[in-house]
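What follows is subunit A paired twice: with subunit B in the first complex and subunit C in the second.
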Partner chain A sequence: MSQESADATVTERPRQSRAVAGATRVWRIVSANSLSLVGFCIVLSLVFVAVFAPVLAPYEPSAQQLDNTLAPPSADHPFGTDNTGRDILSRIIFGTRYAIAIAVVVVTLETVVGVSLGLVAGYYRGKVDETVMRGLDVLVSLPPLLLAMVIVTTFGINIWNAMLAIGIVYIPMMSRTVRSSALSIREETYVQAAEGLGYDSKRVMLKHILPNSVPPIVVLGTTDVAYALIDVATLSFLGLGIQPPKPSWGAMANAAREYILVTPWPIVFPTLAIAIAVLGFNLLGMGLRETLLYGEDYDEVVE
Partner chain B sequence: MTLLDVDGLKKHFTVDSGFLSGLLGETRTLKAVDGIDFSVDAGEAFTLVGESGCGKSTAILSALRHQQPTAGKVRFKGQDIEMYSKRALRGEAQLIYQDQQDTLNPKMSVGEAIAEAIRFHDVVPPEEVDARVDDLLERVGISPAEKYQEPSAFSGGQKQRIAIARALAVEPSLLVADEPVSGLDVSVQAQILNRLMDLQEEFGLGLVYVTHNLGIARKISDTIGVMYLGRIVEYGDVDDIFEDPQHPYTQALLSANPVPDPAVDRDRIVLEGNMPDPIDVDDRGCPFVPRCPEATAECETAEMGLKPFEGDRGHLVDCIHR
Partner chain C sequence: MVSGRTLGYLLKRLGAGVFIVWAVTFLVFVLLQIAPGSPADILLSGGVVTEEMRRTVVEQYNLNEPWYVQYLLWLRDVVTGDLGYSFAQQRPVATLIADRWAITAQIVTLSMVLATLMSIPTGIVAGYKHGSSLDRLLTVVAIVGVSVPVFVSGVLAILAFSFHINVIPSSGAGSGVIGRLTHLFVPSLLLGGMIGALMFRMMRSGMRDVLEKDYMETCVAMGLPTRKVVVKHAAINALAPVLTVSGLWIGFLIVYAMVVEYVFGMGGLGRLIIHAVQAQDAPVVLAGTIITAVVFVISNIVVDFLYTKIDPRVAIGGQP
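Up next, the complex of A and B:
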């Protein structure tokens, strides 16, 4: 619809200053709380590592040195080498790419589907709400990891199915969150006023209800990135996620499991990497929750 | 030209009286609006006055299909209101809400809120929208430079003026204001009311104003309908009603209105009791009987309805003693 695209341009300020204003706003929200500030720094470093992996990694992630396997940390290999003599540091650095990309895809899937279902359920209420939410309840009643494993083994073991599986598992939580805020926001006078102006339901949902339910979505989405990281690592550890020789943290830990009595390093460093990444997103999520949902001075921070 | 013509409008709510009565099939009905008639011409200001809970808001909301009425015929510009699409009807009749703090989307700049309304109803070509927004904001006394601000940057009175600008943006022929200034400072109230009256005159709008404030009703209206328990008990020209109120309820209501002069000796008519619960109202007779100083045995069974008072065409009273 041309009407929608016109909306953004006519009465808004020029695009560039909006981008700057947006970045300033994000920074102000993130830095309002020390938890989210620390989390944000960790996340930012992870993104940096992922983007500049080829520059940062000292070796090719799959280059083998068969005469130097299971070596302990040394000057040449700061994190040691694995059972085929691959440099663990380099593999962890490249593994960041997969970890971040997958977590982001999973959360995007969760958000797009979960938010749509939640909005529709909360806006229309009644039968639509019942149908959508009871359907999601069925999903919730199954153990999440088991469901993900079933999906992956049924549709084939590859990374896309792993992402799809984890994304599906996360949808109900997002839908419930959005539904509950849509239910309360639709009673606000400004939504009544939007209806009173004759606006169609799509416009009311997307331009009047959704923008006002963003904070809980952001908080849940951020925390879910952390969970997705764990779940992807778990699936990879079980051999259902990213397939070797691609460097994935979970698969690295799995491969190193056999040699844990010989040397602990190949399992310690990938696990640490997972822990740090999860910690980063969790801290960010916790800090945002404080600021966006429970902060007394939320308005001061945001406006 | 008659804009809005309401005939026999009723809005009843079924009251859920608990699980057991539900099982037994007992339902109780709340008659929020119980058969009212009124009409509003272009350029006319009509006010519904009455105590809180008398059904005045429900009456206007169901007349304009913000709620589905139980019964009654409503014609808009001579055409059955059912024939209008939601978009067409909202483009003709706009509502200004009581809750001025919350009437604008907090995540949308006020300029964008007005522009959205203009675009949605295709009021002007896209390239003129921006100028139109500026013009509307100026008319309600907001500087166009402030249009990028979100609503939180404005005071309650300013928000209400922006809401008026947004309502006018769709170029309606009828404006409905449901207690738009209650909860605002008195000086701000006056400011907004004056603005509203100027704009009404300028655009030749029909105005339906809903209030419990008699001072405001007198200031802005041409005609008045006094509501009691879901019915209009007296209807007529503003001066007729204020100078020569006929219905005992209107008389009591007017006598309770403060006069800003301590020297004036007032005969205050004090009504006994409260307005009864609209659920318990008997269909027969006059609903005002329990509180009426003039009630007689006849009143309890009489056939009620608005009747012209002393042959005066415009002044209607629903009381058998007149």
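Up next, the complex of A and C:
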């Protein structure tokens, strides 16, 4: 018994210190540039708001007050109320959950599918590369939003199809980026050494090439979340994505469009929320690009 | 004028373009096949379905044939300009598109012009004086520019101008050249601002890269005036990647032009396609997709041609 707990503490400590070291490293990279610092704070607050939405929101996001509709901002309702008297602030707070969900779906699809395709194409080159890249060229020729529209037209308009469609359309750019970095990394001496040692292709790709192409993946992934948020919001605003009464920002703006003549608040606040969230990911992406890809002080920051 | 090598290069690009358009038609066809419900259901779902309509669709799309025959026959129709029939609107898709494409094309053109005017000079200045406070200011403005979705800026512009000041028409497309231009100006400015912000970023980083090259030092050492070095030698070289990327953005621009035009209540392709998606009117959406792919391919071939003019190494087959 005591032996077991001793083992547990022994394995626990390095893991904990590794987590702390990882966090410190992330913090150092992020705070190296004022753009990424501001962006990181915005993204972090979005995550915080999304997690603690039920605690932070003053009202239920779907609670209607039919005697208090389309109210301007007041002490009771800081952002006013919508056409069925729902508190706009509470709905925006819950809306962050959709934004974070979109970010998670896009990043997951991009990293799982996009990165693997890019790695395989860049590592094997030749026919495999040719086939994968031609296929992706076709997807790139269609603008993401249009491809998403085609997918929701054939598969039906609902939240999952919209999020999946947007997730899928960002795969090609990621694959291209990973491929081009894999192409150059596979010529490095350490990759040739690993191959010389007889490691199989999977190990070379995952342990040697992938870790060295992380900076462009992180930069592109962050920027793509920004574009994906715009696309899903646009899709929802057009009534083709997340549908009202779900409190997604795009859907709220869509519903408020009818009452734009009566009061601007129900459309102003959700659209501002979209702009701020997109700005957060864009700033983070821009700052990381400077630090990770162009920064002269990159090595100092990381090591 | 056009050398044999350039011609060969352009023919190669043309071949790739034809492949892309073919693949897009195939992709669209496959989506119809694998979507839940039969293709007949999807093609018909825009309106009230009668037995007779179902028979027409089955006949028109040869739905009783095996899939590859269906595809080939449908491809033949598309190539000959028959883009199908919208059952929701009771009209051929080709007519619907022919009536509406002009407004969208005008917005795309005008916003591209405005984007170029706004982004290239500022990009040159910001890249040349990078690190200065002017550069910082422009960079922040550009980040805000790409972060505000066009439907958001569109709605805010309508709110700010049309309802309160009443100077800018908030809906309709206007008549006559002047009327059309005043109606198009604000939507194009918003769209151009978004694209311009992206172009600015590319131009700025392009200038930074070029200015660090050795030949810039040579230019300065030869005693060329700064203005000439920056504009003639640096900016032209920095322009090449911007040109390539603006070719890749054309599809993106078309779709966002549709969104802007929808927000401003103009009767262009945007309203047609967006209503078609809302009504699940598949033939219209699919035709719109194929046309966008064709425009994308053509504009990229034009860009490739211009590229060979800026950077002759590309056509000769050297490493750009």
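Some notes on this structure:
Following the convention adopted for this analysis, the second predicted complex is superposed on the first by the 290 of 303 C-alpha atoms of A that agree within 3 Å, B and C clash if a C-alpha of one lies under 4 Å from a C-alpha of the other, contacts with A are read in each partner's own complex, and residues count from 1 in each chain.
Here is the rule we go by: a residue touches a chain if its C-beta (ideal position, glycine included) is under 8 Å from a C-beta of that chain, and two chains touch if they have at least 3 such contacts.
Fair warning: this is a prediction, and the values are worked out from it, not measured in the lab.
Of the two partner chains placed by superposition, only subunit C is touched by A:Pro264; subunit B is not. In the superposed pair of complexes, A:Leu145 makes contact with subunit C only, with no contact to subunit B. Residue by residue along subunit A, subunit B and subunit C are tallied for touches, and C comes out ahead. In the superposition on chain A, A:Leu197 makes contact with subunit B only, while subunit C stays out of contact range.
When the shared chain is aligned, subunit C comes close enough to touch A:Met286, but subunit B does not.
By the document's definition of touching, of the two partners only subunit C reaches A:Ala275; subunit B does not.
No residue of subunit A touches both subunit B in one complex and subunit C in the other.
Contact residues of subunit B toward subunit A in the complex are 66, 86-91, 94-95, 97, 99, 102-109, 111-112, 115-117, 119-121, 126, 129-130, 133, 147-148, 150, 152-153, 163, 166, 170. On the side of subunit A, the complex with subunit B involves touching residues 3, 6-7, 10-13, 188-190, 192-200, 203, 207-208, 211-212, 214, 299, 303.
By the touch criterion given at the top, residues 35, 134-135, 137-138, 140-147, 149-157, 226, 230, 233-234, 237-240, 253, 257, 260-261, 264, 267-268, 271, 274-275, 278-279, 282-283, 286, 294 of subunit A touch subunit C in their complex.
Listed in rising order, the residues of subunit C touching subunit A in the complex are 16, 19-20, 23-24, 27-28, 31-32, 35-36, 42, 139, 143-144, 146-152, 155-156, 158-159, 163, 205, 248, 251-252, 254-256, 259, 262, 273-274, 276-278, 280-282, 285-286, 288-289, 292-293, 296-297.
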